[in-house]
Structures are given as C-alpha cells and as structure tokens.
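Per-chain residue numbering starts at 1, and chain names A, B, C, D, E and F are given in the order in which the chains are listed.
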C-alpha cells in the first residue's frame, strides 16, 4: 500500500479523489423530492414519493416507513441488459441493492418523528459507470430530505418534528494493484482485488460496511486502509449534500 | 366544432399548436444512438442498441430487425405506480405501446438494407404529461438514425445502403368540448371525448391511425378534422427531426 | 384502387362482401348471455357473466362495469400455439385485443343505467380464419344484450333502465393489390398492405379506428376508401345483430 | 347398497346408465384429428396436433411422444373462474388432469410404431356438468386415432404400423346415499361420498383407477361394486368410439 | 403372479415386506408437531403448524382446516433437480402429491371438533428412494396428532374434543415381473409394470386408491392382489404409528 | 464495551463463545459431498452436486464453476413462512444469501485446478436459530471438500490438482447492550444494535465483511472489536472443519 506515491488514475484523479459529483435537486415535476445525481459518468435519478399512511403491518404503530427500489435502464450500461419486467423476475443484485438503500436511509430516520407516513425512494440508473449504488444512496438522501420538507409544508409532519437525525452517504473503495482507491469507476471496479462499499453518516459513523474479496482475500491492514479512505470520501459527500440542501428548494410543488 | 374561434388552452397554446419540442441528441454515453426528447412536460429517454446478428428465426434471411420496448419510471407520473418488474408481469398498456413503437419504426426501415443486424430501441419515460407514446416514437426515430450512422461508420452497413427510407413521427389529437386539438397534455387527455394517435412519415403518409371514443362515439366529419390536424402536427415534427439530425452528431462513440 | 372491377376473392366474394355470418344465441347453459358467432371459418364463443357488485375502486359510484377477456384455443390456428397459461404470461396481442373489446362494449353502455353490476365477457376463439377480434366484438354485443335482459328479468336492473344505448359491431378492412376489401380471411390478412379494424355503432358512429401499414404507408384517399367500406360492413352486421336479438331468447336460464 | 331398487336419478337415468354420449368427429378445420364430445351437459373439444420430431430428450430413441393439456373455459362452469393465463399459473387440478389424460392415452400407444413423431392433445372444456376428465379422455382417443390416420395418409407413419394397440375410455363412478352410480353429473358429484374415475381399454383392462373418499372412507365391498359399474360403462364407451370411428372420416385435411 | 415362490428382493425383503420404518417424533424444536420418518432410504421431515383461525372462505363455519405441502430438496434424489422456487412455478407432480396428502389427512379429521383452527403440514423430502408420498402421509399423521395434542394442552381445542377419528397411513404396491410387491424402493419403482398407492385408515378402510398401468394395463385379478398387499402393509404402518404415539411426547413446546 | 466483565448469555456462553458446533459428514446417500451442520439450534443440510461440464458461457475456458443455493424450510422458523416456490418468486434475502455463499466458496477455489466441472452447493435450513448463513458457509465448505475428493477418486480431477487453496468459514458477531458478542442466536440477533457477518479463510484473511447498523450507527472502535471477535471465532471453526475432514470419509459413494 503506497498511497503516498504519485499514482494517477485513468481520469486524472489521485487514489483519494472522488469523481466530480453533481446533484440536480428537484429534477422531477411530480415527485415530492427528487435529485439527479452524478458521480462522474454514473447518473442516477432519485425520486421520493411521500404518502400518508403505512403498510398494514405497521398500522397504529405511530411510526413511519421508508423503503427504496433500485433499477437500471436497459441501456444504462455498455451493452444492453434485458429488462427485469420482461424477464418477469427481479434479479438478486437488484434486490440486494434495493434493500441496502432502504436500510441506509432508515438508519438516519426517526420513524416516530416521521409519523404514520411512507416515503418510497426510487433510484433509477440512467447511465452507469461504477458506483451506482453509492450514488443512489447519496442522491436518495437529498430526495428524502426534500420530501420531508414538502410534507412539513403540507403539515403532514409537525413543525418541530425532526425525522432526519443525520445525513447519510456512500462511497466505494477498492484495492487495485495493491493501492487503496476511492470511488471506483467501471474500468477500475472490474480490476479491483477487493471491493468495498461503505455507508456512513454525516457524523462519521458507519451504517453499512460491505467488503468482498473479488480476487484474493485481504488482511486486516488492507481493510483498515480502505476504511480510512471511505470515511474521508463520505465526509466530502456529506459536505456536498449539505451545501446542495442549503440552496433554495427545487421544483417539486 | 369551432376551431376558428380564439380558443386558448391552459398553457397558452391555440388548438393547432404543438407544445415546445426539444430533442437532446446523443444523451447517452453508451448507446449507439440516443435522444432525450421532450414534448412540454413529457420527457422520454430513447436509446438505440445496435448489435450484429438477428433473432434465430431470421437467420439467413438477409434482413435486419428493429424492435422497441417502452416503460415508465414509477414516479414519472403524478402518483407513483408499482414497477412492472416488481409485479412480475408487463401490463397490457406497456405491451401495446412497445408494439406500436416497433411497428412505426419498421414502417420506414428497409430491412434488406439494414443487413442481418438488430436495433433495439428503449423508450423510458422519465416524466409524463400526456403523449408519452408519441414523444417516444418521435425521439426513437432520431436515436435509430444515429445508431445507423454509427453502424455505417463501423462498416457494419454498406456506405451506399439506405436503411431509412423516410422519417417517422407521431402526435396525439383529440376533441375537447367539441374542438379538435393537437398534442394533448395530461389534463386535456383526461377530458377528451375522442383521443387519436397518428403516426406519419415525413412524406405525409399514414403509418398508424388509432382513434378511440373515450366519451361519445364520433362521426366522419370529426374524424376528418382530427386527421387534418394530426398530419399538420407531424409535418412540424418531421421538420424538427430533420434540423436536429442535420446538426453535428451527438456523443455516442 | 379499382373496386369497380369484377374482382373475385378466393371464396367467391366481391371486395365489398362480408363472409357468411351466423350467430348462435344462448349456446351456453350456464352463462347469463352467450353467442357462438362465426365469420366464415372464424368461430368465437362469447359468454357474458353478470354479477352484482363492482370492483372495489368503483364501490359507491352508482355505476356498473363491463370488461372483456379474449383468448385463442391452442389449436384454433393452423399450427398449434403454446397456451398462455402454460407460458405463465399473457402476450401483448392478447392484452391488446381484450382491452379493445372491453372499450368497444363500454362505448355503448350507460354505466349509470347498469347500476353497480359487473359483466365480464369472455371471447374464446375456437377456430381462427382472420378477423377474430372483429367477430369477438360483434358476438360479445349479443351476449351482453342477453345478459342484460336476464338481469332485468331477475330485477337486478330496473324495468325502464336502458343500459345499452346503441349496438356495436366491428369489421376488418384492408388493401390487397391496391384494392380495398372487406372482412379479410386469414390468407388475405397476411397479404394486405394495410390492415384496419373499425368498430362502429348501429347508428354509424366510430368507436375505434385502428389502421396499420403492414407493407407501405398509406395515403388519405386510401384511408377514406377503407372507412367507407368498413361503415357499410358494420351496418350489415348491426342488421344481423338486430334480427338475431329480435328472435326468441336463447338457452340461459 | 341397493342398486336393484328402482332408483331414478334427477335426469331419469338408473344408477347404471351413462348420460347420452355424442362425439362430433372432425369438428376442427385445422387439427389433424378432433372431436367435440358430450357426456350430457359436459362438452369438451379435443384436438390432436401431429408434428414430426420429438422433444430433444427423446431424439434418436426411435419412439414417438403423446402428451395432453386440459383446460376449462372461464365460463364453462356455473360461476365464472379466473383464467389460469391471467393468474399466471396453472392450478394443481389442471396439472393433475392433463397428466392423467396423457398417461391414459400413452397406455394404448405403441410409441415404436408411432416413430419419432409427436401428438399433442388439447382438451378444452366448453361446458362442464361433471365428468369433464372422463369425457376428455374418451374424446381424446378419437382425436388421436384420426390424427394417426391422417399421418398414415401423409406417409409419416408406415402403412402397416399399428401405433394404437387398443382403445381407451374413462368414466366416473361414485356412491350416493349408499348406491353406486355410473357417470355422475355435477349435482351428483358434489353429493357423492366416494368418487372414482376409472380408465380402461377396449379389452376391459385397467389403465388408471383413482378412488377418493370424499365423505367417509369406503370398504372393499363398496370398491368392488364401483369397479364392476365402471368396467361396464367403459365397455359401452368403447363401443361408441368404435362405431364413430367406423364412420367416414371427419373434416381434417 | 407367483407370490408363494421364494422371491428375494435386492435388499433382502420378501414381496410382502415393508422396508424398515422409523419415526422420530418431535424432530423440530419449533413446530407444534413434527416427525422425521424413514421408509428405508426415503427420509421425509413432516412438520405440523397449528394456528388459530381459518382461511377467509371458512370464517364462521365452526370448522377447522387441514392442508399440506410437499416438496423435495434439490439433491434428495440421485441427480440434482432444479428448485421449484428458482423455476418460479410448482410442477404438476408436486401439486398432485400435496393435494393427495391434504385429502388423506382430512379423511380422518372431524373438522367440527377441530374448531376454527388451521393445521398446515409440510412434508419435505430430505432423501428419496421411492415411496416419498406414502412416507409423507404416514409421517404427516404423526405430526398432525402431536399438533392436536399440543393445541389441547393450550386449550385451543376442548378437552373432550376428538378431532382425529381414525389413523391414516399409505403404502405403495406394484407388480414386478408378474409379482405383486409391497413398498417399492426406487429401483423397483422404475421396473414396475403397475404402480399403486393406497391410503387407508387404521380400521382398514380405503381413503385413496390410485393405480396406474406404467407398462401394460392390468386385469381385475392383479388389482385384487395389489389391494390385499396394500391393506396388510397399511395395517402394519398403523401399528407403528400407534406405538410411536403411545410413547412420551416429543420435543415441541 | 466491557467484554472482560463476567457477562453470561441466555444459554450460558460468554460473549466470545461459539455455540456447540457439530458437523455430520456424508449425511446424504446421493450427493457427492454433504454435511449436516449445527450451530446450536441452527441446523443446515449442505449437499454438493458435482457434474462434468460448465455453464455455456464458460465453455472452453478451462475453468470450473462453483455456485450455491440457500433456502429455508417453511417451518424451520418459529412461525411458518410461505414457500418461495408457492409464491412463485425468490425473495431478496434468499438471493442475497445464496450469492454470498457462492462468493465465499469461490474465494478459496482455484477454478483452473477444478477443470471444466461444476459444483452446486445446496444449503437447506432445516431448523433456524440465528446464524443460518454462517452455518451454511461453514458446512458448505465441508460438502465441497468431499465432493472434490469424490471427483478425484473418479479421476474427474487430476491426482495432483489442488482446487481448494484454503478453508473458509463464517460467523456472526454483534453488539448487544454495548458488548460485542460472537455467534448470535435468534433472540440475541433481534436485540443486536449492530450485526456483522464475517467470512474468513483458515489462514485468517477476510473474504467478506458485512456489517449493518440495525439500531444506531457504529464507530470505528466498535467495528474493530467486532472484527477481532469474528477472526477468533472463524479460527475455531476452521479447526473444527479440519478435524472433521481428517476423519474417515462419509457416506457418498
């Protein structure tokens, strides 16, 4: 591990650099909250749909519900994938990522403060270049925050309720040729020996840590290096989220 | 029917006006051809995926194949719809529109000139405000044209082959309070007594005429008025397609 | 287009002739209304199932509901098709035709006069020789009319209620070798350059107009010729429906 | 058990009587063999589709394959059932009966003599009044026999090959109020304490015996009484099949 | 048929011998009743899940409901079978056996005495060597009996209620080389000319008789021989069930 | 975090104790390798099915393929779950765990040394009490090792090939009331604030690290404590695997 060396990545980044991140708030005219987020060439449209009431099994609990669905457009990738609707079943990877996004958001939601309301977050990948799930989580938070402000405006949530107890973002890290790198793009992702997605809050706490040895198993020192990089990356993303949300609210009406 | 009266629609249009139409060519970094088209608040991402070879049942025919799939993002509409992938089956409306788009494109394709190649067009509605199928057909043509030019550049299609024998576009027309109107937006669509989608070529020939009495059945004179309006609208759309395609090619590489 | 020439079709008809049409009312011992209709070699069994109550989303509306399902027996065609139940999904064509039949019938139903009752029409093609959807609509109307009379007898519908405000029928037209022809049989259907299905009421108003360029796009004059032929054919079918319904009621009890 | 008493059933039959059985051979213009069979109010359309070749797993075996599919039209019964194609899955009862029909036919087929050809039998219940599976088997045999003669005419089967080594038919029997009865109609079927379907060959051998205690378990003597009745009923059915097949061949061409 | 000759089967049994039968009661720590049953190399885990209430269509009937589901682990057999959950549909054989188990159990249940409670029996084949459905029925009875005793202990069933009016078991019989044999193992099953499953009560009454000619149809004398053997085998199984249930209750708590 | 305090868990363990682990090798008479593993009350049957050849997309690669499927019996848990085969779709959790098991095993497989052969591992949970996925991975390794030895005996794998480059096992860890604990049983699992599954090799390298904040997000120090505990637990499991595999081979033949 030699991250002090002058390694330059294919797109000019150093190992510890994020790709350019942009968040277009209020992209959708219909959704209560929405964000078109890009991590370099990865573009994900995140919409938050707010409805009163909760699934039947939560009725009367006094708590709200936040869930998420992730999908990729068929030609968001380099070669076209068949639609899951056409295949008639959702693949394992899609399920796994949808569940991850939902869990990540719920980790910063005070469901009591949300009241018996439901927010469904849809994350649709319009273009993929690695890190679609981490971009989705990061953008989903912004859409969720706007949907909650919308609901406050409609008085569906009390003026002093604070359903969001922290921000949440996510970033990938991986070891390539022995070097830990932040925010892998697709060509890096396929070469990584180890691949890790780290979801963290704005306060720097872990929500999810998912590391997989794609090539060779990894040792404790390598794991520590990846975690350092991921926490730093998430701190940057949290800052971007805060500044985007500090601007005037987007288009949802 | 009083289309000479000074009727002004909710968005300021006269009965014979299209909504503002924009076509962003080459929106996708991956697809061989792509276009993000908007008819007012309706936004559809059209990508064309070009591959060598044809489905097994066409092997050796010397002919190519063009097909299309249409879908709506769950929150492209005013209230969220469940994903068809989650429901595990594609609804009748989705099937019907996918088939319509495919037939419309094939009407202007010389499959012999295309050779044994396949183009799959994906039309994903990012935001819906009426006329999603007509916007999809109009944008799909641009994506298809670019994919064919890409293939010519790659020598998958001969330099003198002309797979596209005409342009094709589509527009909706309908009768509202007795007045035929062009290019209905959602609030107009739900009020229309009669609703018609007309697909036409750049030369002004009909490819598809689909008229439905939503309220009361309609007579021959009303039908004639709608057809006049639709042919004029399609002529405008054909002109927009031509000018967009005359500009420098988009991003696909 | 030379429809004045002495063109004779394979089965001896002139271009403007319907095939022999027979309607066997009350074919089913169980259904509240039923008709076995044949357009030449095309035979469709139409049953109407009347039940009190409406789907949940219509509860309390004071209105009734009419819907339809279309299907083909596996060996109704020249070569056997796999059952959709075995494939586990309904194809696009089946969906499209089921929706067309339902819309066509609803165009002549006063749902207020029907009251909160539901009629489901099943159209099962026992033998196919072109025009299955148009035979289905034409026969479905007869089954529907009988089911409504049955319900009146049972006092589910008021004695003075008139749920059916007109009759409805359908016929196909197409251009073959430049000549517009009425009521295409299978061997004609596959050769037609343009194929159109026209649903019309007994008063001669249009309910649906669906024209598709199978071969070359068609011009306004050709469209007009097809519409003329279709209205004449539907007028004949309306007359047949009226005379069948004027006879003593069929077998449903 | 008092079957010597003058018991008269609702439709005037004695306990040992079949309902009126009619077989309309060659009902279908398309199928290689077909029969519309009725057992009283039960009407089943049986078509036999003959194709050259066998499923992949039988390739090169020198043997043929016979299989069957059973289904009921939605309104063949007293109240409408949802279509299995709409539900997206085939129910257990449908599977069970399809498998039974296939096994019953294969019991009288010499698959070597059939050669590498496949016959698919479709049995679609147009109207149901009890005994649909037994009518289906009995009619399916006739359709199969005609399909084999068709294939012999086409020289797909040798002139001296005898693929059918016997006839096969089926009938239901049941105990009602202590009396064994033959060929139960629907109102009897629901009252039967024990219900048995017996498939037998023209020579009087058993192919399938399926008895179920619907009410109370049954003893050996009762079982013997039912088997006697069933063999007699099948002997009658075999005679009807023979006389129908001895007549001039039906419509398939 | 020469069952008096000294025929010795591959595992040393005479034609009239059962395989070694073991029943491990209370195998599951969670289920209200459970049994791991083996018929030689066939091992089936049967669990009974008792819940208060009945399916909606039985509400208020005062009667209980007993149903069963059967499945095989993918590698319970000699070569691996794809999971039905992965294929997305349950095969005909699975449906058929699940229904058979449910019917067999209900034949000895007094649903009035059970009250409005539901017992679901799951029979999962861990290892298969012929006779899985008969082992499943035999083991399911033991699981059901224990679940009912558990419910009595919980006062969900009255102290004097007798929901089980008899015991029930099942065994296969078949004719191999002309000899009727009891309880076929897999290698015998594939060779049998006729195969029969007989479900009987402890009092020796028939619940189900399902005989199939796998090879040649069979005559009345052969059927009688098989029934004799099956009743004797079931009498032995009933005795084993009684002695197992007479021992101290198993593990469910 | 006070793991030096004399904390005693409900089943008498200290925070750093595994539950009793037993591995019954060769449980299945049919599978090429098998193991019935228990972690306390959690029992998983793991079978390894070895077949020659690989999926089509790997043909000619010279490499083998190892994959896994996980499922739970419906009553393996405290309350019955519907079968996924009955629901017709596999849930997200099942997909996720199946994929995890497959990846974990492949991390210790040299696919070149395996040759073009496939091993499918089925892990069926017979009884669940927390940690089913970690027990499954640990048992699956034993089944895989035996299947590979079986294949070596059959000469499907060369005598000097070493397809397994390390052992692999897995264990859960979690923080309960601030204390990190090893190998959570069900009642602990539902109380854990943080839940982590760690897959590691016999050499102590990480294969997968999956940590989730169920309650509150966790900090770096807590993560470190959990990783320490998990590596120690996996070292114990590796030792158990080695001693089980050192004994005489199991039942597969």
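Throughout what follows, a contact is a pair of C-beta atoms (placed from the backbone, for glycine too) under 8 Å apart; a residue touches a chain by one contact, two chains touch by 3 or more.
Note that the structure is predicted; figures quoted are calculated from it, not measured.
Visitor: Expressed in steps between touching chains, what is the minimal separation of chain B and chain E?
Guide: The distance in steps between these two chains is 3.
Visitor: Can you list every chain in contact with both chain C and chain F?
Guide: Chains touching both chain C and chain F: none.
Visitor: Are the interface residues of chain D and chain E largely the same numbers on each copy, more than half shared, or largely different?
Guide: Both copies touch with mostly the same residues.
Visitor: Chain C and chain D share one sequence, so how far apart are they rotationally when you fit their Cα atoms? Give it in degrees, rounded to a multiple of 5.
Guide: 180
Visitor: Tell me which of B-C, C-D or D-E has the interface of A-B again, with more than half the contact pairs shared?
Guide: Most of the contact pairs in A-B are shared with C-D.
Visitor: When the C-alpha atoms of chain A and chain E are each averaged to a single point, how far apart are the two points in Å?
Guide: Spacing between the chain centres: roughly 52 Å.
Visitor: How big is the gap, in whole Å, between where the Cα atoms of chain A centre and where those of chain D centre?
Guide: The separation of the two C-alpha centroids amounts to 60 Å.
Visitor: With chain centres defined as C-alpha means, what is the inter-centre distance between chain A and chain F in Å?
Guide: Going by mean C-alpha positions, chain A sits 29 Å from chain F.
Visitor: Can you check how far apart chain E and chain F are, centre to centre, with Cα atoms defining each centre and the answer in Å?
Guide: From the centre of chain E to the centre of chain F is 33 Å.
Visitor: What positions in chain C touch 2 or more of the other chains?
Guide: Correct list: 88-90.
Visitor: Using the touch definition up top, name the residues of chain A that touch chain F in the complex.
Guide: So the residues of chain A in touch with chain F come to 89-93, 95-96, 98-99, 103, 107, 166, 196, 200-201, 203-213, 216-220, 223, 227, 231.
Visitor: Any idea which chain A residues touch chain B in the complex?
Guide: Of all residues in chain A, those touching chain B are 28-31, 34, 41, 45, 47, 49, 51, 69, 71, 73-80, 83-90, 94, 120, 122, 124, 126-129.
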